[in-house]
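Next come the structures, one after another.
In the two complexes below, subunit A is the common chain; its partner is subunit B in one and subunit C in the other.
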Partner chain A sequence: MAASLSSSPCAMMLVRNVTLLFGMGNHAARIRVGKGDRGVTYEQALHPHHIGHRKGWLSQHPCNLKGEEGAADRALEDVFIRRFMFGTFHGCLANEVVIKRRGNLLIVCALMLQKLPPQKFYFLTGYTESLLSHFYKCPVKLEIQTLQKQAVYKYL
Partner chain B sequence: SATPDSTEAIDPTAYHYQFQDDPYLSPRTSAESKLYSMSQESGRAAAKYFVDMYPKYFTKDFAEPHIPCLMPASVALSLEEVSEEALKERIGLRKVGAAVEMYDQLVQAGTPISKQMTYDLLDLICFYGDREPAQEGEPEADQTELRRKRGRFHRASDTLRGVWRENNNAERLFRLLPEREARCYSAVIRGMVKHGAFAKAFDMYTDMLNNRLTADVDIFNALILAVPEMREAYTEKVDFITDLLNQMSQQKVQPNLQTFNNVLKVLRRCGALAKSISLQTLSEMKALGIVLTNSPVLPSLCNHQCLETKDMKLGYKVQSLVGVGDNWRLLGDSYQQGMFYYRFFSLLCLMEHVDVVLKWYHQLMPSLYYPNPQGMRDLLQALDTESRLELLPSIWKDVKTLGHDNKSDLVEELLSLMAREKHSPEVQESFADCALDIKAAFDVDRRKPSLEWSPLALGHVTTLLLRAGRIPQACEALLEDFLSQCSGAPTTAVELVKLSAAFCLPATPQLAQRVLLEFDLTEDQRSAGHIANRTRTQTDYWNYWNKYYQ
Partner chain C sequence: MSSTGRGVTSPLCFSSDPNSAPCPALNKYGGAREVHSDRLCNGKDFLRNSTFGFEKFERLSWSQIITNTTITVTDEPDTLFQKVSVLVKGHDRSVLDSYEFFATMAAKELGITLGNVFEPPKDVLRLTLLKSIHIFKKHRVQYEMRTHYRCLELFRLTGSTAQVYLEYIQRNLPEGVAMEVSKIAVAKVPEHILQPMWEEPTADNAPSPTADLKG
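Let's look at the complex of A and B:
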């Protein structure tokens, strides 16, 4: 069937390599170069093919090793945790949330802006830790570092 | 070599581990530390509220083994059928209401229940006073407030401990028991004392004696605790205690550590008369060879005593006791903890060499204890006695971090100590820097309520600046001093501005600004002031001089 397709006159319209078409291409997690007024963090500036070379991983768990199960469940948990953190600490997240799993422990590391007074941070921390522990039935710890303003790596 | 034990010590330079390790989120003063830990607690309470409100989102149980404390409250029980196993589970999970319900159902169904189970249930009900156990840490906020307000008033403890209701489940169960052993009486009496039904406890005790049962040591401990509520006068209380102790020896019951703890606790409330008796008790305890490891009253009592008798060795012993294992819990809430460390630290400042004092200061400082102004003053005195005044600038830094830089007497004392004598040049330099820093603390345009300049403080600052050769700053300080002295005399103030402009001092604009703001001036004076405000270069000064000095 593929052979008959390629020999037909409309085969010229079918393109093998997707990137040759205008407007399409790899767009995942990439901020394209623009006027130069938009500040991006290191995480945003480096594209996904740099993961493992110039970037680390945002989520660490052993489920992708050989013989381990549960990778899909972990991925789903990660998505929920990121949305939860984004919503709970609204406007305060300076960078992507890093999720580490050590045994049963779930550690959520976040870089925050100093938009709230410290007691509000502690309220939200206690709330998040407790709620996520009850949700995932495992101890959840939050490690927060604060910044005055977002750490810009370069301007695109 | 690093053994596991050596890596296990508390890091004295770090704040408590419950706080995030970030400079913005670290508590610098005791008030902040309390605020942050309370906020965290209330965050947890908020989460618990949501978990209990919408349990259907939290019921999926994939923890292996099952973790009951992470399930919503209504779903924690797994066994539903009416059986002794279910009763045992409820007792184990401390579900008081559910356990009583299960027991009633079992009795109605006629199932035989073992005696041990019934006694366990009675213990549970008496321990919690027939109400659900409060979550750990949650009512702590109210407890500390109440305890502080209580002070000498014991009657207000009802709201704190809960009231032992009439004919509650414990009493009902007790009456239903076919045979009552000493253990049942023990449970009920201790429950009554814990929850405030003191008279009833004593009635139960006489009842027990009438039934020819011997009380055990726990019953006596509970009764001793109940003594202050039963008698008013100090002497009567002491007599009552001795009476109880005599009965104890008659019934051949050996006192244990808890007995002595309770005696000491009660004697604390008996006023000064009790001090001698408490010392006697302590020596008796030593005679009986009871190991003083786990007594809750001892730290504060001993501390108080140490301070009065200036006994340093005892102070160290108490401090080391507190460091052992779980004993830190015995220090009570943060207020009592603060008092404990304050007393220990002031004793240290009085008695010990300043190097030891400093060593303890650095060990206690951010991790365990935030000194209050009086504590800082004791430290200053210790430094003065041993003439280690070169450490004063670092002490000022700590004072600022602790938020005590708005306490005028502390700052003045610091300044007077620095300015008292001449020191070597490097020390003078550091003192001058410190003085400038302190001066900045007095500035009017800070957000926090700032201090009022006192002439003494200003004089000290000027002296320190002059000694280090910082003449412009010294002049500035002097002028500011004069300006604050001539409040209500605008002409003098204007003269002052003129003088400073004549000497081309860089402080002129500032002074002019202050004068314009704080004094009522005539039109000429005001315009002169505006010009003085704008003097920046030599030509400006020359123009000013030309205009107003001709």
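Let's look at the complex of A and C:
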């Protein structure tokens, strides 16, 4: 896959710092470095190999541990909850939704921007909690924290 | 807002119904009302009352909670445990570190003799997948899931102590952490096997059952 270097010294100098092929290198969950005008959150700035070292987990449940069951069901629930949150609080989500499970209790933590008046936030939280608890037959708690503007970690 | 799971959040879950099961957090919808003692997620609570679906539960004061818990006294003897072994599993070692600190402190406060508190070696599940959707068989991607363990051993407990301690420990289990408890109970030897059969004098004067074997 890599291009072969010719034996002459001048040719070797030429190919030293050039990306040889398009799409080489990892692209998973990474925002590529750009002009420096795009603000990026801590979650987006760190790459997936930093999970467990500099980054935490977005979804915390015991089902992926050795000897525990129900991983697929939880994964499906998580996907639904993230899409639901994205749709209900449209345009307000500042960062990824964090989902925690303690026993039967489902806790959804989200950072929001103050785009809606507080009364609408109150209504939407109550709506989300009652609807999700009816779907999943377990108590659902929503923990929301709002910000004036996006929490930027660095500009890429 | 991703947290690295540092520290143990400990909301103690109580239900307003005094006749409910001991772990209301594990009941179905409508069973729990949280009393928040320590919240690590929210620095500044924008919304004070975030639960709207549970109108039937009022805010309980501490005195109400204390009088609502049931304490039963029975005449049957308490089960005795020689050893209670608590194995905690998690993805994050720092979470298990803080949980171990919490559990050992709780055991010391309750006067339970702690035995060995050790860390069994971690288990890693690795999956190797193809990096590209089409061809490029030589380029793969590896994912792994690490399970860290921590084991606490408690010796010589009574059944009620074990029940209280385990309930306290389990209510404060952090999210993403699983627990396995194994107990070794001590029971009285049944009377009919206390003495060996060949030493017992038989009721009628029949020859003892092992006479044929000896001869």
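The working rule: the second predicted complex is superposed on the first by the 133 of 156 C-alpha atoms of A that agree within 3 Å, B and C clash if a C-alpha of one lies under 4 Å from a C-alpha of the other, contacts with A are read in each partner's own complex, and residues count from 1 in each chain.
Operating definition for what follows: a contact is a pair of C-beta atoms (placed from the backbone, for glycine too) under 8 Å apart; a residue touches a chain by one contact, two chains touch by 3 or more.
Note that the structure is predicted; figures quoted are calculated from it, not measured.
Looking at the shared chain after the overlay, A:95 reaches subunit C, while subunit B stays out of its contact range.
When the two complexes are overlaid on their common chain A, residue A:144 makes contact with subunit B and with subunit C alike.
Once chain A of one complex is fitted onto chain A of the other, the partner contacts of A:120 are limited to subunit B, with no touch recorded for subunit C. Counting the residues of subunit A touched by each of subunit B and subunit C gives the higher count for C. Shared-chain residue A:135: touches subunit B; no touch with subunit C.
In the superposition on chain A, A:72 makes contact with neither subunit B nor subunit C.
With the contact threshold set out at the top, residues 118, 121-122, 125-126, 129-130, 133-134, 137-138, 142-146 of subunit A are in contact with subunit B in one structure and with subunit C in the other. Those residues of subunit C lying in contact with subunit A across their complex are 1-5, 13, 23, 25-32, 34, 39, 41-44, 46-47, 50-54, 89-92, 123, 125, 136, 138-139, 141, 145-147, 173-178, 180.
Interface of subunit A with subunit B (complex): residues 114, 118-131, 133-135, 137-138, 142-146.
Only residues 19-22, 24-25, 27, 32, 35-37, 39-44, 46-48, 50-51, 57-58, 61-63, 67, 70-72 of subunit B touch subunit A when the two sit together in their complex. Residues of subunit A touching subunit C in their complex: 1, 28, 42-43, 52, 55-58, 60-62, 64-68, 95-96, 98, 100-105, 107, 109-111, 118, 121-122, 125-126, 129-130, 133-134, 137-146.
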